[in-house]
Every structure is written in structure tokens, then in C-alpha cells.
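To keep things simple, chains are lettered A, B, C and D as they appear, and every chain counts its residues starting from 1.
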Amino acid sequence: MPYMISMRGVDKFYAGEKPALVDVNVEIEQGEFVFLVGHSGSGKSTFIKLLLREILPTRGTIVVAGQDLMRLKSWKVPYLRRNIGCVFQDFKLLPNKTSYENVAFALEVIGRSRHVIRTQVPEVLRLVGLEDKMDSYPDELSGGEQQRVSIARAFVNRPPLLLADEPTGNLDPQTSLGIMSLLSRINKTGTTVLVATHDREMVDSMRRRVIALENGKVIRDQDRGVYGYDD
Amino acid sequence: MTISLGYFLRESAINFRRNWVMTLGAVITIFLSLLLVGVSVATGYVVTEIVKDVERKVEVQIFLKDGFAEEDMIELQQFLSSDPLVASVDYTSKEEALAKFKEQMKESPEIIEQMEGNPLPASLDVKLVDARQVEVVVAKIKSNPTFPRVADKPDNPEESLKYAKQIVNRLFALTRVVRIVEIVFIAMLAIVSLIFINNTIRLAIYARRKEIGIMRLVGASNWFIRTPFLLEGVFQALIGATLAILTIVGLERAIMPKLREVLSFLDLSLGGTVMVQISLILIGSGILIGLMGSGFALRRYLKV
Amino acid sequence: MPYMISMRGVDKFYAGEKPALVDVNVEIEQGEFVFLVGHSGSGKSTFIKLLLREILPTRGTIVVAGQDLMRLKSWKVPYLRRNIGCVFQDFKLLPNKTSYENVAFALEVIGRSRHVIRTQVPEVLRLVGLEDKMDSYPDELSGGEQQRVSIARAFVNRPPLLLADEPTGNLDPQTSLGIMSLLSRINKTGTTVLVATHDREMVDSMRRRVIALENGKVIRDQDRGVYGYDD
Amino acid sequence: MTISLGYFLRESAINFRRNWVMTLGAVITIFLSLLLVGVSVATGYVVTEIVKDVERKVEVQIFLKDGFAEEDMIELQQFLSSDPLVASVDYTSKEEALAKFKEQMKESPEIIEQMEGNPLPASLDVKLVDARQVEVVVAKIKSNPTFPRVADKPDNPEESLKYAKQIVNRLFALTRVVRIVEIVFIAMLAIVSLIFINNTIRLAIYARRKEIGIMRLVGASNWFIRTPFLLEGVFQALIGATLAILTIVGLERAIMPKLREVLSFLDLSLGGTVMVQISLILIGSGILIGLMGSGFALRRYLKV
């Protein structure tokens, strides 16, 4: 059974502080839908950054889509990332590009033809409800709109792995629900989806696998789990 | 891939427009740097020409005794003419020498008055290809067997050779310094310009380092990120160089005629070929610097 | 009865698009606690930016803390803003300053002595749970931690008006609750608090005044209201 | 407020360190710009001194007839000495004139040989304060009533005045051009430097425009935002100017002695006062540009 993600004994220490991740062992199969939950500062974003090879672990091995990230040559990293769509917590939109161009960039990077771009980008922006914001620059968009552009960019090239860091933090419940059912639909087409979130309602209602972090440790890994944590 | 080329051209044109503060900064820097270098090179060229012209006026005079044998004189003349160091050998008769002397001395008429008959000797006037070779030519003349036979003072032929040893030496000291100063100054300007341009491009790319990081995270390969930046650098360099060339041509048109008028006794020239050369140098080095500046500045932010 | 905020007939049009706010008439009394709710893109951030005079309305009058913002001379704007603490949706932390320095900046701006700064800043950072992140730069903080620095900066100088744009979007429910009760306590000391939020749980449990926006229009203004909107 | 001053100094020192890419860029630009200007000014000063020295050698000679009346000569000498345009008037006797002539002509001994007795007249050698006033002085001499009485050629006194009219005119044409080129070049460099520095500062502030926006939103007044930037600009300018001055002093030490050696016949000088002047100019203009550059660049982002 092929693992899409496999982390073994992963530690991550940032300079001189208490660790961000400690001895994380996680395996995620192809086609799974997983929630990553935990308090603020528990290491969710660090977890996702490691998978994207934005940072390297202090210890341990990480294998993503069959690639050992510790051994991956630096020039091969872009090719890895093209197989991973990522919704960033801080959106990471290119400020000098419109919504359309930001989404199109993910396709240009993999060399898609202009024709393909012209048909797919508007389609995807429509899916996230931004059909009338295609020519707006990021600083002309509301917080939730920027977040949705980031979501559109993450899955426009139908990557086999989709990582989403707090993808509904700036969205109202109704729009969040729409995004979540979209992620669910994408997952049904075989894409592995990992969502870091604080949205208790969402996690509790979807009943998927839940990995819970606390102070960098995995304290729970539960199929068909709930958000957990007592307030 | 034709699609990619189109993409890169479009991309860099868009960046060019949308980051216009940075673009303008880089263009201005490139323009002014190249202008400085260009003006210095042109000025240097004019100065070099003047120096050469002055040096060309250095000559060796061989004074001939009264009643020398014509064939000896011709033999010596031919011997010197065939020397590659010698540009020309002209014969000045006693009468011509007197006329010249009177012309030169017309502001001290008391001396001319004093002269009886024609005390001045005839001479062979040797112009040199390279004034710095004057001592070599003098040595050759001295060692020529015909020379003592025609020399004005056969008992001490050396005294029949006149060349302004001191003046020539001073002139060379001066022209050497002028040339070195010229080269040093141009080199300094060129290096400073390079640093300026590099600096500006670095600042421009520094200001966009976040963007570069984002592109990397979305899976763009290094060359995919780099190409539009490099093209932008080339665009900027082309615009800067073009502006510099136009300004220099304009300056040349405006200044050179006036200068030639004021300094009519000097041979001032700045031919079309020189201008073309300068233009090519500016465009070439501009593009090179634009490319290399962007390339180097990017390296820092393209580490994985 | 003195109004802290009074908006009359306020319209806001951004260049050539459909309006962000239409005919908004809102009065908020001193000492009130108000939630501002609405779908993504309904105009909540625009509402807040208007109060902070970050942007000017296309039409209408806005009076904040007795100052008519349309007439306010440009050099007086900083003095207005010193009376308003603001938690920005995108945090707006100074990237070259540590958490401590970012919070201290709000005090330095109003000329507080170093002594005051040295005692108050750590105190406030402790309140938002960041006592051990004082010397971290924004890009060394997790999303939620950045948000809490922004919150700390907003109320460190005890402003009479506190605006918060989605202050818990990046926080887990437990931390959110802590922040909300903090805002509540601040409100009890007489500070007027306006919170734009998507957090249904929060709004429903606190039962405060709720102003609901839809497509730039105020569609509901209710004392002791709920989040509303059917999913 | 002493607290504020401390705050601003601390603040700008911190910015200086944390934005070191930008800081370094600005310092390098200021350093190199001021270096260029400084070197040009120093070079210009040396050239001007050389030109002045050459011009100083322009003199007017008044030839005196044999057996002139001593009191007439002294009267003329005193008349000229009291003229503000005249630097000095020296008497050269017939014997001294002959000795000088022989020395000058020692490379054309054929002419000296020809001379019988002493055909050379005595003379008054007039050195001028400003060589360009030569025609004025000549006119004054001509209109002096004593002059025809002592002149070598009483029937045509004008011929008793010798000054190298043509050479003087050429020299002045050349020195005028040299001076204009010098001034134009320095002015050009100064303007270009100004643009460079301004440009760099603008880019540096452009890169921090978001920060400035945030400061404004948190209630910082314009001067509160501006002061650390201005102080930073001053720091950068001071460092840049200091580096430039040190480099120029170093260059002076390294180059001038050699140059003086090679061009020992020219009066090359670059005194300490000149260096101090240049230093003051560089520091002053550096700070001014640093302040103004930051100030102007900030204006764009300090609009409410």
C-alpha cells in the first residue's frame, strides 16, 4: 500500500527555543483525507512546511510521494512541489499579479499551454466564488478573497497531494462549508488532502482521520475523529 | 519552447511596468553610469589624439655642411626613409632655413639684423612614426657611415644633430602621465559604474525577495524565476545604454564644433567610427552588467 | 449620550467595482461591545478601515471620538489613531521588530517613558500568552502567535476605542475564548470594542449587539443578537 | 525630549543593522559618489595649479636701447611696479641677456658662433598678476611717456616690446577650455552623484514603504517616522564621506609624490588646506544629500 506521506522520528528545533516538533511518526496513505489539529503554536504549520521541504527536519526521515526529502537534490525540489498544492496560512500571493495571474502562475510553472490556462483558471476561480475578482490585485481583495485565491492556486493543477494550512481562517461559516465540500470532492478524485485547522465545527461534522498535536508531539491519531480538546 | 519564450517576454514586460519605481531606479543608474563612462572615453580619445598630434611634431634635424655632396645627402635620406621608425625625411636648403629662422625670430628683430650672409646650415628634417623612438633613430643616424661625410661639423658629427632632448623628455613625461591618468580615471569610473549598477539591481531584487520565495514554493524552477529578471535586466540595460548614447551624440554635436573653433590650432577629431565603437561598448557592457548583476543578485534568493 | 462612532449615509466605492459599503447608518455608544458579521467580501474590513481613516468614504459623514473624519486635518490623523487600538486582519506587524518591540512601538509613539514600556509590554504579552516569544521576529512566530502580538499591540496603550478585524481567525477555540474574555474584560473598563468576526460560536455565546452586513448593506442591527445566517 | 532623542538614536542604529542590505547599498553609493567627486575636485585643483603656473610664465619684455638713461629706466620700472596688474619687474642687463641667450641656444651652437660682440639689448622683464591682462599692460607701457625714451628702437617703440602674442592667445584658448571642461565634468559628476544617492535612498525607502504604512496606522506622526530615517541617512552619509575622504587621502599619499617626481618641471601641489576643504565639502554635501534624499523619498509614503 503506497504511502503518500511518511514521517519517521521527525524532530524540528528552531534556533535555541523549545522544539516545534518532537519525534513525529505519521503515515498517510494515498487518497486519505486528514485533519491536523492543535493549539496555536503546536507545530501544525511546521509540519506542513516540512512536507513542502520549505524547511528541513533536525532529525528523522520524511518521504513524500516516494521522494526522500533529506536526500532530494536541491534542483529537484521544484519538481516535488509541483506535485503538492499548498494553501498557505498567510496566503503567499504574488503582490504584482492579479488573482487570475496568481492562479495561472501555478500552471505556467509546469509549462501548461496558454489555451489550457485560459480555460482552467476562470473555472477554478468560479469554484471558489471569485469569478468577478479575476483582475483584482491581492491588496484589492478582502482577507477571505485572498484566502480563496490561494486555495484556487493550490488545486488548479490537480496535484496528487493537497496541503491546506488553516484554509478557512478568514472565511465565514457558509463559505467555509463550500470550501470544505470542495476539498472533499477533490479528495474523492484520489487526491490526498491534509488540512491543518482550528475549525471545530468542520472537523466534528466531517468525521475524518484527525491527527492532534500538542507542544510538537502527536497526542492523538484517530480515524473518523473529532476536534477534541476541552475548552 | 516558443510558448515559454512568449511567456518570459510577456512576464518581464509586465514586471517592468508594475515595478516601475525599481525599474526607473535601475534605468537611471545604468543610464548615468554609462553616460559617465562614455563621456570619459570620448574625452580620453580626444586627449589621446591631441597628445599624439603634439608628439608627432617631435623631429630630428640633421645639419649638413656647406657644399655637401648631393649623392651623400640623397643616400642618407633614402637610408632614413626606408626605416620603419621614420615617417618622413624632408630636405631644407640653406635659403629655406634662413627664411624660416627670420619668420621665427621676427619678434626679436635685433638678432636678425646682426646676422651677416647666411650662417644657417641646410638640413634633413626627420619626422618619426613614434616620437618615443627618437633616441633609437638618433643612434641609427650616428652609426650610418654617410652621416659624418655630410655633417655640418665633421670633426664632431654629434653636434650636427638637433632634437629637443629636454623638451621631448618632458613632453613624454607629461603625455605618459596624461595617458595613465586618463586610463585610471576611466577604469575607476567603469568599476564604480559596475558597482553602482550591481548595487541598484541588488536593491531591486532584494525588494522582491519575498516574491521570489513564493515562486519557489509554488514549484517554479530557478531558471523559470531567473529568466524574467534577466530579461528585465537586459531591457533596463538597453534603455539605459540607448539614453546614454543619445546623450553623448547630442553632447558631441553641441560641443565639438565649438571646441574645434576655440582650439583651431589643435587637431581635434572624434570620428564616426569612434562614436560607433563607444556605442557598441556601452550597449555590450550595459547588457553584460544587467545580466550579471541580476544573475548574481538572484543567487542569494534562489538557494533552496 | 456621547457616541463613540457615528456613521451617516456612508458609501464606499472602490475603483469601478460594485460598492463595498452602501448607505451605512450606524451609531455606537461609548462603552458598547459590538460584533460585526457578514460573509467574506461583505465590507467588514472596509468598515473598520473607514473608522481608522485608512481610507475615506465616497459619501457620508463619519464621526469617531468626536472627530469628523472628513474634516480632520491630515496632520491630526496620528492623534486620532492613538485613541484607537486596531487588530488588523493581516496583523500588520513591523517585520524588523521583535514581538516586544512591536508592542512597545505603540507606546513609544505616544511618548511613554522607557520605564512604563518596560513594565507594561511584558505584562500585556503575558496576557495573550506570549511571555516566552518576546524576542521573536514576526517571521519566527506561528500565525496565531502573530495575531496575538497584533492584539497585544492594539490594547497596550489602553485606547478608548478598540477595533478588531477577525482577531481569532488563526486561533484555536480555546485560545480564542481566552482572547474574547480578554476583550470582554477590557470592555468592562469602559473601552468601546468593535469586533469583526466569522466565529459563530463566539457571537452566539456572548450575546452582544450584532451588526450584520451583506453586500455592503447593514441588513441587521440587533442588541443581544446571534451570528445568524443559515448555512 | 531627551527620551525621544535616545529613542531615535537607538531606533536608527537598530534599523541600520537590521536593514543592512539597504544600508550597505546606500553607504557604498554615497562612498563611491563622493569619491568620484572628491577625486575630480582634487584633480581639477592640480590641473588648475598647473595652468596657473604656466600662465604665470607669460611675461612682457621691454628692450632698452644701449646707453639708456638710468633714471628713465628706474622711473619706468617704478611706474610698472606700482600697477596692480603687475607682479614684478626685473632688470636684465646686456651681459645677463647674452648669458641667457647662450644657455638657451646651446643646442644650436652654429648661431652663437656667428655672433660678434653683444648684439642683445638690456631689458625690463614684466611678470603679470593675471596673464590674461597682458594686452592691457602692453597698452599701458605704450602710453607711458618714458617708454619711447628708453626703448631699443625709438623710431618704432612698439617693436621694443616682446611678448609671445600667438602663444599667449593659444595658451589662453587651451587653458580656458581645460578649465571649462574641468568645471563641467565636476558639475556633471556632482549632479550624477546626487541622482545616484537619491535613487539609492529612494529604493531603500521604497522597499520599506509597507513598514512606513504600518507605523502610520499605529498612530506615529510623520516626524516620528521620519526622524530615524533621516538619522540613518546622516549615518550613512557620514560613513560614506569618511570612507571617501580616507581613500582620497590614501590616493594622494600614494600618487602625488610619484607624480611630482615624474613631472618635476611642473609645480604640482595639493596642500593640506585643499584636502581639508575637500573633506569638509564631502562631509557637508554628503550629509545634506543624505538628509534631503531621505526627506524627499519619504514624502511619497507619508501622505495620509
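Here is the rule we use: a residue touches a chain if its C-beta (ideal position, glycine included) is under 8 Å from a C-beta of that chain, and two chains touch if they have at least 3 such contacts.
Note that this is a predicted model, so its numbers are computed, not measured.
Asker: If you average the CA atoms of chain A and of chain C, how many Å lie between those two points?
Answerer: Each chain's C-alpha centroid was found; their separation is 29 Å.
Asker: Could you work out how far the Cα centre of chain B sits from that of chain D, in whole Å?
Answerer: 24
Asker: Chain B to chain C: how many Å between their CA centres?
Answerer: Measuring from centre to centre gives 68 Å for this pair.
Asker: How far is the middle of chain C from the middle of chain D, if each middle is the mean of its Cα atoms, in Å?
Answerer: Centre separation, chain C to chain D: 63 Å.
Asker: Tell me the shape of the graph of touching chains, choosing from line, ring, star, complete and other.
Answerer: ring
Asker: Pairs of chains that touch, anyone?
Answerer: Result for touching pairs of chains: A-B, A-C, B-D, C-D.
Asker: Could you please specify the touching residues of chain B with respect to chain D in the complex?
Answerer: Its residues touching chain D are 21-22, 25, 28-29, 32, 35-36, 39, 43, 63, 107-111, 113-116, 119-121, 152, 159, 162, 164-165, 170, 173-174, 176-177, 181, 185, 188-189, 192, 195-196, 199-200, 202-204, 206-207, 259, 262-263, 265-266.
Asker: Any idea which chain B residues touch chain A in the complex?
Answerer: Those in contact with chain A are residues 1, 3-4, 6-7, 14-15, 18-19, 211, 214-222, 224, 303-304.
Asker: Can you name the residues of chain A that touch chain B in the complex?
Answerer: Spelled out, the residues of chain A in touch with chain B are 52-54, 74-75, 77-82, 84, 86, 88, 92-96, 105-106, 108-111, 113-114, 153.
Asker: For a test of understanding, state which residues of chain C touch chain A in their complex under the given definition.
Answerer: Checking each residue of chain C against chain A gives 14, 18, 37-41, 44-45, 89-90, 132, 140, 142-145, 147-148, 165-166, 169-177, 198, 200-201, 227, 229, 231.
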